[in-house]
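Quick heads-up: structures coming right below.
Here subunit A shows up in two complexes: once beside subunit B, once beside subunit C.
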Partner chain A sequence: MAQLFFFYFAGIIVLTSILVVALRNPVYSALSLLIMFFHVAGLYVTLHAEFVAAVQIIVYAGAILVLYLFVVMLLNLKHEDRYHAQFPVGALLGVTILTEVVLLLLQQHGDPGTPVAPPDTVPPAAAIGNTEAIGEALYSTYVFPFEVASLILLVAMIGAIVLAKRDLFDVNRKA
Partner chain B sequence: MAELALRMAFSLTQIVVVMGVIMLTIMVLTLAERKVLGWMQDRMGPMEVGPYGILQPVADGLKLFFKEDIVPAGANKFLFTLAPILALVPALIGFAVVPFGPDSTIELFGVQFKPFIISDINIGILYILAFTSIGAYGIILGGWASNSKYSLLGGLRAAAQVISYELNVGLAIVGVLLLSGSLSLVKITQAQAGGFWHWFIVGVPPDGWFPVHTQIFAFVVYVISAVAETNRVPFDLPEAESELVAGFFTEYSGMRFAFFFIAEYGNMILVSCIAAALFLGGWNAPYPGTALARMGFAQFAWIENVVWFAAKVYFFLFLFFWLRATLPRLRYDQLMRFGWKVMLPIALGNILVTAIAAYLFPRS
Partner chain C sequence: MIPISYYVTLSAIVFITGVVGVLIRRNIIIILLSIELMLNATNINFVAFSNHFHNVAGQVFVFFALTVAAAEVAVGLAIIIALYRSKSSINVDEFQLMKW
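Here is the complex of A and B:
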């Protein structure tokens, strides 16, 4: 049952990801991306990560993609050939990643090895809940990466303010 | 297997009942809004259809159902059809986690059920936030697909407005989450039991006497942002009739228009339910326990709880009408400035103060 769900979600994710770059109408691309975000969230739910699933939808589908759509509509792009100029770069990246995936698969095939985590150990989600578990991990084990991430966001925020308020720092322009 | 089938049948019954009640409430609201507005403006409101005009919603529904379905020339037919559905589904799906009454269980055929709670998932409030943020797509796409300048402008305004004010909704409820220690609407409501002074709007801790945990600022921010998020007056710029004809649904007619209409009213009911559950104690009466239980009818106490929940929800719905009759529409720059420069700092400050208060005076 879980496998069935996984392959459904994975299949739709792959399909819609291809559609995002293949479709000519940017609005349809954005909609494919929306469907993809939902299926990624579904994948998280099958992993008992409901919190991450909800945050995935709120942040990506609810905020970021709306902004994309906003820009696409403001510019009123109908059809355009975005990918033709970038084709060599895209092909290079694609070939590199494909080689890595194939190498990884071959390596795993040769050496059954040790899985990263035992697959049948369900994290103690029932005991303290998914949200609490993430909070505990973020503020104890991963507190340093967490703070670094917040610092980067702070820098971005200050940068946006400086860009928007450029005339404030320019004393000479005040006549 | 039999238990699973029984549970599914029970859940389906709950969903059908809740959807029926929501649709009925929306019908009542369309009439109530026009009546309340009429009285506030010294008019009678609708009086023609049925005694005292009470059959007006039925007449409106029939009219919309039999209207010609027009797709404007040059419109994107697929998205034009999809948009009303994308607006309506998120508005209704959020009711799945709203606790309409106490979380008491009843036993049917040997299986325990909770009659007033369809689903108590541990991320309840995030689930609602996630789906209300999807509702914006219906509005944006409807505006874009109509191939009309007015619709597009309305859709763009809606997009900017929803993003700005959703942030404030999310931040306003953080204080409540800090105090209750849970995202589940059922647990949040349970944390406010025992009289109105324990509701989060007043915020007296369970073992204290002073309202150190008050969420009154968060409550005000939430209510204002909720009005903005449902595109109601004074924040109804996406459908400002004096500038944009009717905004994003200018080109819609018949049942497609009705879908947008139902979605707006469904969202109103949903945000009212959330406000009632988060800040006004949900199904809890404003006095400890229930009066019926004290009189010895403990098995009927749920009636009192459900009535209190409904009363709180209807208070908020009345507030929506009241605002509409009282306030003029904001200008667009005022709307954005108010959202980002007034609401957001208040919400952030509330989180800071609540976190300190919750640390100094822990609830358990």
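Here is the complex of A and C:
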């Protein structure tokens, strides 16, 4: 049953991620990325990461994709006719790296994959919920990265306004 | 129980799709979407290993990757709007001002 779910999610994820790259119309690319985000969230649920799955849907599908679609429709693009001129180089590179990864993983697959972590370090995951566990780790061990993340969001907000505003620094000269 | 190598393979395929997308597309918006694909591939790896080692730190790092992705999208789309305003195009071949 778990295998069935994994292969369904993995198949849709691979298919839609290829469609994102291959489709000509940017709106269709963004919509297939939306389908991919939902299936990645489903994969997270099968991995017992319910909080991350919910955040994936809310932030990626709810905020980021809407921002993309907004910009695509704002710019009113005509779809491009062909790929970049370096298409053969890119395809060759992709095939090479993919072959390399598959070879490495087949090599790894020879010995039975034993979990490296000893089982006695397992936290009581059943007693404490996924969201509570993430919250405790986030606000105790990772509190400094958390603050840095908020700073990154502030910088991104200011940067986006400065970049997208038409004449932010010309106001004084015109007046 | 699904072996961890399946998740690594899935993540590698999605990541390489993103790399190829960055290389072969000429529309800057699609290039940013391909970068999102790569970030999602790393997130799949994080969550898979978090489940494998029964350690919640991987999911915390997915949270940080999500923050960086949101910041990157905001700044990237602002740059795209500024570029479109200057040349009325978002084809990467048009923008070679800094090409050596």
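We adopt the following convention: the second predicted complex is superposed on the first by the 115 of 175 C-alpha atoms of A that agree within 3 Å, B and C clash if a C-alpha of one lies under 4 Å from a C-alpha of the other, contacts with A are read in each partner's own complex, and residues count from 1 in each chain.
Everything below uses one rule, namely that a residue touches a chain if its C-beta (ideal position, glycine included) is under 8 Å from a C-beta of that chain, and two chains touch if they have at least 3 such contacts.
Predicted model, so just to flag it, every value in this text is computed and none were measured.
Engineer: State whether A:A49 touches subunit B only (first), subunit C only (second), both chains, or neither.
Structural biologist: In the superposition, A:A49 contacts subunit C only.
Engineer: Is it subunit B or subunit C that touches the larger share of residues in subunit A?
Structural biologist: It is C that touches the greater number of subunit A residues.
Engineer: Considering only the touch criterion stated at the top, classify A:V66 as touching first (subunit B), second (subunit C), both, or neither.
Structural biologist: first
Engineer: Quick check for you: in the superposed arrangement, does A:L74 touch first (subunit B), second (subunit C), both or neither?
Structural biologist: After superposing on A, A:L74 lies in contact with both subunit B and subunit C.
Engineer: State whether A:P145 touches subunit B only (first), subunit C only (second), both chains, or neither.
Structural biologist: Once the two structures are laid over each other on A, A:P145 reaches subunit C alone.
Engineer: For A:I57, decide between first (touching subunit B), second (touching subunit C), both and neither.
Structural biologist: The first partner, subunit B, only.
Engineer: Is A:L34 contacted by the first partner subunit B, the second partner subunit C, both or neither?
Structural biologist: first
Engineer: Which residues form the common part of the subunit A surface touched by subunit B and by subunit C?
Structural biologist: 51, 55, 63, 67, 74, 130
Engineer: So in the complex, the part of subunit A that touches subunit C is made up of which residues?
Structural biologist: Subunit A residues touching subunit C: 2-3, 6, 10, 13-14, 17-18, 20-21, 26, 29-30, 33, 36-37, 40, 43-44, 47-49, 51-52, 55-56, 59-60, 63-64, 67-68, 71-72, 74-75, 77, 80, 83-84, 86-87, 89-91, 93-94, 97-98, 101-102, 105, 108-109, 113, 115-117, 121-123, 125, 130, 133-134, 137-138, 141-142, 145, 149, 152-153, 155-157, 159-161, 163-164, 166.
Engineer: Subunit B touches which residues of subunit A in the complex?
Structural biologist: That would be residues 27, 31, 34, 50-51, 54-55, 57-58, 61-63, 66-67, 69-70, 73-74, 129-131 of subunit A.
Engineer: Residue numbers of subunit C touching subunit A in their complex, please.
Structural biologist: Spelled out, the residues of subunit C in touch with subunit A are 1-6, 8-10, 12-14, 16-21, 23-27, 29-30, 32-34, 36-37, 40, 43-44, 47-48, 50-57, 59-60, 62-64, 66-75, 77-82, 84-85, 90-93.
Engineer: Name, in rising order, each residue of subunit B that touches subunit A in their complex.
Structural biologist: 76, 79, 121-123, 126-127, 129-131, 133-134, 136-137, 140-141, 143-144, 152, 155-156, 159-160, 162-163, 166, 170, 183
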